[in-house]
Structures are given as C-alpha cells and as structure tokens.
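Structure incoming, see below.
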Amino acid sequence: RQFEEFRLQLEESGAVRERLRAIVSELDSATRLMQAQLLLIHHSRPSPEILSKIKAHTEGLRSIYGQLAEVLKSVPAQYYRYHDHWRNQTYTVVFLLAFIHWLETGGLLSHGDAAALLGLKDGEFGLDLEDYLVGLCNLSNELPRYVVNQVTTGDYDCAKRASVFLSDLYAAFRMLNLRNDLLRKRFDGMKYDLKKVEEVLYDVKI
Amino acid sequence: MYEKRERLVKASRDVTMYSKKVIFQVHRLNSKNKESVLEQAERDLANVKMDHVTRVAKELQGSEFWKFRRAYTPGMQEYVEAAAFLEFCKNGRLLTLDDLNESFAELKDASSNDFQLNLLDYLLGVGDLTGELMRLAISSVTDGEVDSAKSICNFVRSLYMSLSLISQEVDDSWEMKQKMEVMLQSLMKIENTCYTVHV
Amino acid sequence: RQFEEFRLQLEESGAVRERLRAIVSELDSATRLMQAQLLLIHHSRPSPEILSKIKAHTEGLRSIYGQLAEVLKSVPAQYYRYHDHWRNQTYTVVFLLAFIHWLETGGLLSHGDAAALLGLKDGEFGLDLEDYLVGLCNLSNELPRYVVNQVTTGDYDCAKRASVFLSDLYAAFRMLNLRNDLLRKRFDGMKYDLKKVEEVLYDVKI
Amino acid sequence: RQFEEFRLQLEESGAVRERLRAIVSELDSATRLMQAQLLLIHHSRPSPEILSKIKAHTEGLRSIYGQLAEVLKSVPAQYYRYHDHWRNQTYTVVFLLAFIHWLETGGLLSHGDAAALLGLKDGEFGLDLEDYLVGLCNLSNELPRYVVNQVTTGDYDCAKRASVFLSDLYAAFRMLNLRNDLLRKRFDGMKYDLKKVEEVLYDVKI
Amino acid sequence: RQFEEFRLQLEESGAVRERLRAIVSELDSATRLMQAQLLLIHHSRPSPEILSKIKAHTEGLRSIYGQLAEVLKSVPAQYYRYHDHWRNQTYTVVFLLAFIHWLETGGLLSHGDAAALLGLKDGEFGLDLEDYLVGLCNLSNELPRYVVNQVTTGDYDCAKRASVFLSDLYAAFRMLNLRNDLLRKRFDGMKYDLKKVEEVLYDVKI
Amino acid sequence: MYEKRERLVKASRDVTMYSKKVIFQVHRLNSKNKESVLEQAERDLANVKMDHVTRVAKELQGSEFWKFRRAYTPGMQEYVEAAAFLEFCKNGRLLTLDDLNESFAELKDASSNDFQLNLLDYLLGVGDLTGELMRLAISSVTDGEVDSAKSICNFVRSLYMSLSLISQEVDDSWEMKQKMEVMLQSLMKIENTCYTVHV
C-alpha cells in the first residue's frame, strides 16, 4: 500500500529537517556573535582590528554552509523545499559580509563574491539571488544609524560616502522589476534610509 | 524569474478551472447515464492534462519544481482531486501517486521535461476529495442508492485513517491539518447520512 | 558580567525545552497511532482484539511520561513552567484511556486510575487535574459520533449506555466551579454532545 | 465520588487565585503611584527628593512580594502555575527600580540586586529571569522619551549617558539566545530606542 | 483639587463592586446546585420530590437578592451602573423558576410572579424586564431536549404540552419590537426550538 | 423603552456633531483673532447645551442615567472635550466637573430634570482633550509661539499625571486605559515638538 511508502519518505524528509535545524542553530550562534562584535563599530571609528576579528568568522560560516550543502546532496533538486530553514540567517550573513566589505572598500559586495566568500557554488547549493538582495536591504537599514553615530564621533566624511553608496544601490534596485512580496516591501523602506542619510549629509554641510 | 512565476500562476488557474468542471460533470452521474458521463469526463480530464498541465510541466526543471511550488500547487491539487474523484466513481478505488505520474509520462514529449507530481500536492489533493464524496453520498441516498453511500463511507474512513497516520509528517503540516479537520467533518456528515437512512 | 550567566541559564532552559520537545514528539507519534487504530471501532463493533491492540501502547506511554519526569527532575519545582509542552498530548492520552475503559467497562476511568496507568505519581510528575478533565471533555465530544456509527451497525443498546454515562458525567461536571478558561469552554460544549446522544436514543425508541 | 474531591481541589486553587488577585491589586496600586511620581522626572531635572520619595515605596513592595510568597508556600512547587498573576506588575517593578538605579548611578541594576531590593530569594519565590529582562526592555523604551525631555530642559550630557548605557545593554542582550516569545519581541524593539537616543545625541552634537 | 475627590468616589465604587462580586459568587453556587438537581428531571418523569427540593432554594435566592439590594441602597439610582454583575446569574435564575413553574402548572411564570418569588420590588431593586425575557429564551432552549428525553421515557403527552406552550411564547415574543441586540438574537433561536419540538410531536403522532 | 433609547442616540449624535464644530472653530484661533473666535465659540457651545444637551437631559431621571448611559455617552464626552478645550484656550485651566454641572443647572427649567454629568463621561471626555491640545501645540510652534507649546506641554503632563492615578479605578477601565495610551502618545508628540524647537 502506497501510504506505508509515503510515511517512510516523509520521515526521511523529517530527518533532513532535523539535521538542517541543528546546523542552522550553529549558523545562528555564529551570526549572533558577529552582530554583537559589529555593534562596536557604531561607537568609535571602525578599526581594522575589529573588522578582521569579525571577518575571522567567515571560515566558520563557510564550513557551516558546507554542512548544509552536504545534507542537501542527499535530496537532489530539493534546495527550495528546505530553503526556509536557513533563509533568515542568510539575510543576516549577507548583511554582515556586505557591511564589512563596504567599510573596507566603500564598494558593493557582488552576488558572486558573497557566494564565493561562503564557498557556495551555483548549480549545487548556491546563494539564492533574493536572499542576497534582502541582505542588501538590511545593510541599507543599518546605514542611517551608522552615519548618525559616525558623525557624532566626528567623522563627517562618512555621510558623503554612505550617501553615494546608498543612492547607487537604490538606483540599481529600481531597475529590478520586483514582484509585490517581501523583497519589494524591504526595498520600499530603502527610500527612507536614503532620505535620512541625505539629511545628515545636509546637516554636516551646514 | 518573475515572468516564469506569472506564467505558472496563470497555468495553475486554468488547471483549477477546468478540473473543477470535470468534477462538476461527474456529479451529474446517476445509474442511467453512468457510462457516457464517465467517458466524457475522462476525455475532458485528458484535455486538461494535455492543454494545461503541460504548460506547468514546461516551465519546471531541476530545483524549480520546489522553487515555484507555491505558484502551481493550487492547480495540481485540484487536478488530483478531479482525477481521484473520477477514478473512485469508475473503479471504486483510490488513484495512486504512481498512477498519476505514469499518466504524466506522456507529457514528456510535449514539455520536454520529466514532470513528476510531488507527494505533498498529491496528499493535499486527495484530502480535498472527501468533500466531493460527501456530496456524492448525500445525493446517492436521495436517489435511494443506500449501498453506494455505505461504500463511500467505508472508502472515506479508510482514506482518513491512512492520511491520519502521516498527516503530521507533511511539510508545513498546518495546511494538511486543516484539511484533516475538514475531512473529519465530511466523514461525520457521511456517517450521519448513513445513520439517517438506517433508523 | 551577569549576562554571561543569563546566557547559560537561558540555554539551559532552552535545552530542557529541546529535550521535552523531542520526547513529546514521540508521545505525539504514539497517540496518533493509537487514535488511528481507535478509528476502527467506528467501523464495526469494538472487538476485544482492537482494544487490546490499542492498550498495548500503554506501556510505551508510561515509558515516555517517565522520560518527561526524568527531565523535569533536573529542574525541580518547574512542572508548570513547562507544562504547556505536553498538555495537548495529555488531553488526547486521557481521552484514549478513558474511551477504552468505557468501552470495556461502561464506567468512568478515575483520575487516580488514569495516573496509575501512565505511571504518574502525585507530588512528583503527576497528572494535572485540569488536563484529566479536558481529556474527559474530549471523550464526551467523541461519543455522539460513536453512538451514531454503532446504531448504524445495529447495536441499538449503545445509545442508552452512552446517554446514561454522559448525563452522569455532565451532572458531575456541573457541580464544579470552573474558571473562565479552556476547560470551561470545553465543558459548555458537553451539553451539545449529551443532547445529540439523547436524540439518537430517541430515534432508536421511536 | 471523585468529583466531590475535584470540587474541593478546584475551589482551593480558586481560593489561591483570589488571594493572589487581592495582593496583586495592591501591587498594582503601589506601582501605579510610583509611576505617576516618576512622571515628574520628565518635567525637570530629576532631583534626589523625587527619587528618594519613589524609593520609599520599596519597603511596601517588599512586603507585598512577601505576601505573594506566603500564599505560594501553601502550594509548593506551583510558582509557575500562578506566575501569570503577578507577571505584568513585576515587569513594571523591575523597570521602576532599574530606572531609579540608573538615574542615581548611571549603571545597570543587576538581577541579584533587583531581587534583593524586593526581598526575593532564589529557590523559594525568586525573581524570574525573563521577568527581569522584560523589565529592562521597558526601561529601554522609556529612555528616548527621557532623553528628549532632559535635552529640552537643558541637560545635554544626558544623551551621551543614555546612549552609552543603552548600547551596552543592547550588546549584552544580543548575546542571549532568546526564544521566539514576548521577550524576543520586546528586545527587537530595543533597536529603535537605541537609534532614537543616538539621534538625539547627534542633534546635540550638531 | 478635584482629582483627589474623584479617587475617593471611584474607590468607593470599587468597594461596591467587591461586595457585589462576593454576593454574586454565592448566587452562582446556588444556581449551579439547582441546575445540577434539575438535570435529574431529564432522565425520569419529574417527581414532585425533585421539584420541591429545587424550589427549596428559592428562600436562599431571595436572601441573596436581598443582600444585593442592600448594597445598592448605598448608591441610590445606580442599579444599572452595576447591573452587569448579576445579569448572567439572573438569566439562569429566571430560567430555573420558569421551568419549574411550567413543569408544575403548564403555564408561564409572569414577570411579576418571578420578581415576587425573588422578593424583588419595582422602584427599588427590581427584576429587569430584559433579564426576565432572556431567562425565558433559556427555557425555550431547554425544552427540545426535555421533550426528546420525556418521549424516550414514554411520556408522549409531553410533546403536545411543550409545543402549545412554546408556540404561545413565540407568538408573544413576536409582538415585542425587539432591538437588534442579545435579546433579539436569543429570540431568533427560539424558532428552532419550536421547530424541533414540533418535529417530536409529529414523530409521536405517527 | 426602545424609543427612548433611539431619541437619546439621536440627541447624542447631534451633541457630538455640534461640539466637534466648536472644537474646529477654536482651532482657527491665533494671536490676532483670539477674542472674537473665543466669544463665538462660547456662544455656539451655549447653543449646543440649550438645543441638544437639553434633549438628553429631558429623557433621563432616576436610574435611567445609568441605564441608558451607553446611548448618550459619546455625545457627552464630545461636549466635555469641547467645553474643556475652550476653557483651556481662554483661561489656561482645566474645566472641572463642578463647573460643568453648575452650567447644567440652568437646564433644569427646560428639561424639568436635575441633569448631572457623571464622573465617567467627564473623565473620558477630558481624556480626549489631549489630542486637540497636541494639534494646538504643533500649530503654535508653526506660528512661532514657542511658549504656548511649552505651557500646553506642562498642562498635559499634569493632566496625564492626575488621570494616571485614577484611570485604573474607572468602571470598565478598558476604555479609559485605551485613552491613557493615546494620551501618552499625544503627550510624547508635544514633547517632541518642544524638543525640536529647542535643539
């Protein structure tokens, strides 16, 4: 009777979920730690020491994503069946990597580079494009606070850098034809981030 | 990517609409017109498959089966419901997932894809079947076919029992749990119908 | 810094919850299986075979509750902190045991006997009184369906037995001063079960 | 008949609830009075007189918690069964004590010190950790308003003090692995409090 | 300052509520006991013994309503400010008295007689008209169940008596111009009670 | 009984509508037109009282004050709000319940009833006042009258403090609690307005 077979299949998929859950909880701890360390950059100029301390976790992230990929190998072509498990954490990971990258270079971490940092390869276990974009929205949300704090600390140039970066990013997003979903909503918020950063820039000029 | 999703949603809507028509048609069944109604319904269902399920199948390969599942699941559930309803009326048995996937094999040429129905859509579709069977049971009794109502009752009972053993394990089990509750309500209505006839 | 200690405490209580969740998921499987087997009694007269097959699970339940009690021992006096984890399943367990008991004896499974069947002892990890009472409400909810099906199968006496049992149970509940909570709501529903069973009895008499 | 015994048990637990309700209503009055007095600190610089007037209630709170503990003693190991009765009020109490402590010292009132002020002892009737943490979230919610009003009164340093305190608190919370519950939600709100306080600090600097 | 006086007034009214709550909880116990005793009449012909046993409580009810009236005397003309406290219980009391009256006489207990039984006088602490009418709706809801059970017990005349009584009651209610509120909703349900009783009457005739 | 309720609801609606007009009018106030606007508003409010509050008063005696309270409370709350708003703009003080009841004494002839506003309607009406004062504070700042905003801020603070000491004791405290929350929101907006002007 087919139902007996179904039960086996569903239990197998339940076991996959259990394994994913355990790995994702590690991912959660790692990103929590990175976020806590990143908080420090709000209260002083971001020193190379802090940044390299945070970057040191990248290795660990790569290994965790490697474990996720390993589990997914056992259920080929079902990446999106289980995608929800690591989605939220991946937003945060992209946010962290892109923020550090911007602090170091002033530029945007590309989708390919983000994937490479995490050891993710297209075709196998890749970095979903929408996850990457939501991560960038998170970065946008963080910038107003960062700029306000940096200006308070006395780094007045920061406002200019952030404003240029954010308006480029905003323009790039506008070119995408976003459906009416989470990503669209997050993108709508970007407008207010840009506005706030520009207000700070205006205050600084005055 | 968004265009693909749009096309899938549209195809799914068409599958839903035409599958509902098949179900509606099967409900016209009575002891006199049985053969002709079933033949017609079978032809129509085959058309739904060739004309519209193919459109779904065309779009999907590899990991896209799961990526876009939300876009096409309503249509596939409805198709499963229609096909299983027809099969029950014809042969009094439960249409299996293997039956369905074998019947989809012929889409391979048209869609150039190896389209396979997934387990969740099958189970959710079969879950909806009970509602149709309840209507059928009530109209059977109205037409005086008490045995038919009883055999529906037994069929639904055993289906409910099979599903209740695995419903908790289904991905996003919330949707399945809802269906199980509706199913139990339908089953109890069928049982009440049999009871009313009996006393 | 006290937060380090908080982290440990919260992780400890998180770990307790994880362990409870795992055990409760076993409890869930066991009761689901029992419920599915119990469905058979709606399909025909309840045979001793079916009943003893379901009763065979009691041993397993006892062992599962034993594991829960074991976990709770490590956090003394916190039974009611974690109570919600196994509450729903316990309603079902009480329902199953009381139903079987009624089918076999026509009488009500007492609170003490239910606890004894599950190996639960007052003072340690007991059977909460309100959980027991909700379980009886579940039994009440099931009786109309059972009676309808039994009468259909030809067992006309069943309606009388169920009606007497249920009206006694209802009268007993009536004397309790229930808080305005779940139990109260469930008890309010019992009235309709009784009415339905009495209508079946009426149909049979007529 | 067991239901007679049930009636007694339910009435007993109902009586416990009645007694708790009466005591908690006193607790409610006391905290309401303290909160109203605390409103004065928004109207001008916080004077030692106001603070010591509010602190004078601590004695009363201690006595009230003593009464709760007394009631709970009669039903051992059921702290968490009745916990909901005094939970909301305890959030407010922790908030009040921690706010006064911060106004006086600029530091964070520790869990242990908060419990000691209320005469609560671990093991018996303690100060639940999550209640304490929610109380701190309430403090965080109050700070933006306080800072806005103090700056308006002319105390510009206040923004700096609050910003340092709050970002430390936020970083400390960040390390906790919070369940997906009230506390988690309240903590998520802390981000906006911090942002607001930092903006005031920014306004002051500019 | 007027607010000090308001506080006194409101505390006084709070004290009134406390006193009412205590008395109403007695009323609750009394009606619960009466309802439990009344359940017996469903399972056999209603004997004079049962009825007089229930009626024996009337004295107690009268005394309880006397206490309510006493409390209300201290706040003249504020009957409706506190009305919600005893409303639900009064529905049940009217239901009980009217049911017993119908069982004994086959007739409808009038508003005046109900008030007299409870020692209530218009002008002072009276029996609110809408409360009386809701109580009658409760009676209507009970009759189908009563009739089903009596016919099962063999009392076939009962259906006729109930049907005549209920259709008179229904006709009388129809003459009232009911607003769209609780009473209206309860009255709408009366239609189904009447229908059910008539179906039983039909079964009996057949 | 139902007709009386209907009449009260209608009278209450009229009281609400005309009281709102008075509030609207007071908002037109600025440093130049102050006297004329206040005089006009005062006349209009007196008319609301004579024309419409009288209609409420006429219906009520004895226990009916409480029996029909739900029917007429919205109007009376709005009237309190309008009268208190006017009084604050004129004299910078809180209109008391005694003030209001004294002013209702003259209705006795017209209504042949001793109509007294109850404490709850007074408190709930005064609770709404803060929203209007917030609007007034914001427009004061826009007009450059910073001191006016500050005095509103102090007035609202002390009102909020007074109410917060008794809000829990009010019958059906849920409604009052809602108002207290809205009040605190308004107060914080007033404070933010003062802050923005300051920095």
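In this document, chain identifiers A, B, C, D, E and F correspond to the written order of the chains, with residue numbering beginning at 1 in each.
Criterion: contacts are C-beta pairs under 8 Å (C-beta built on N, C-alpha and C of every residue); 3 or more make two chains touch, one makes a residue touch a chain.
In this text, all values refer to a predicted model and were calculated from it rather than measured experimentally.
Student: Which chain has its C-alpha centroid farthest away from the centroid of chain D?
Tutor: B
Student: Any chance you could check whether A-B or B-C wins on number of contacting C-beta pairs?
Tutor: A-B
Student: For the two copies chain D and chain C, is the contact made of the same residues on each side, with over half of the numbers shared, or of different residues?
Tutor: Same: most residue numbers at the chain C-chain D interface appear in both copies.
Student: Based only on mean CA positions, could you tell me how far chain A sits from chain C in angstrom?
Tutor: The mean C-alpha positions of chain A and chain C differ by 46 Å.
Student: In whole angstrom, how far does the Cα centroid of chain B sit from the Cα centroid of chain E?
Tutor: Distance between chain centres: 52 Å.
Student: As a quick test, compute the distance in whole Å between the mean CA positions of chain E and chain F.
Tutor: Roughly 41 Å, centre to centre.
Student: Averaging only over C-alpha atoms, locate the centres of chain C and chain E and give their separation in whole Å.
Tutor: 35
Student: Taking each residue of chain F in turn, which ones touch at least two of the other chains?
Tutor: Counting only residues that touch two or more other chains, chain F contributes 165.
Student: Could you list the positions in chain C whose residues touch two or more of the other chains?
Tutor: Expected reply: 175, 177.
Student: Tell me the shape of the graph of touching chains, choosing from line, ring, star, complete and other.
Tutor: Shape of the chain contacts: other, as it matches none of the listed patterns.
Student: Following the definition at the start, I'd like every touching pair of chains, please.
Tutor: Pairs flagged as touching, ordered by label: A-B, A-D, B-C, C-D, C-E, D-F, E-F.
Student: What residues of chain A sit close enough to touch chain B in their complex?
Tutor: Counting only chain A, the residues touching chain B are 1-3, 6-7, 9-11, 13-14, 77-81, 83, 129, 177-179.
Student: What residues on chain C touch chain B, complex-wise?
Tutor: 28-29, 32-33, 35-36, 39-40, 42-43, 145, 148-149, 151-152, 200, 203-204
Student: Which of the residues in chain B come into contact with chain A in the complex?
Tutor: My answer: residues 1-2, 5, 62-67, 69, 96-98, 119, 123, 162-163, 165-166, 169-171.
Student: Mind listing the chain F positions that touch chain D in their complex?
Tutor: 154, 157, 160-161, 164-165, 168, 188, 191-192, 194-195, 198-199
Student: Give the list of chain D residues in touch with chain A in this complex.
Tutor: 164, 167, 170-171, 174-175, 177, 195, 198-199, 201-202, 205-206
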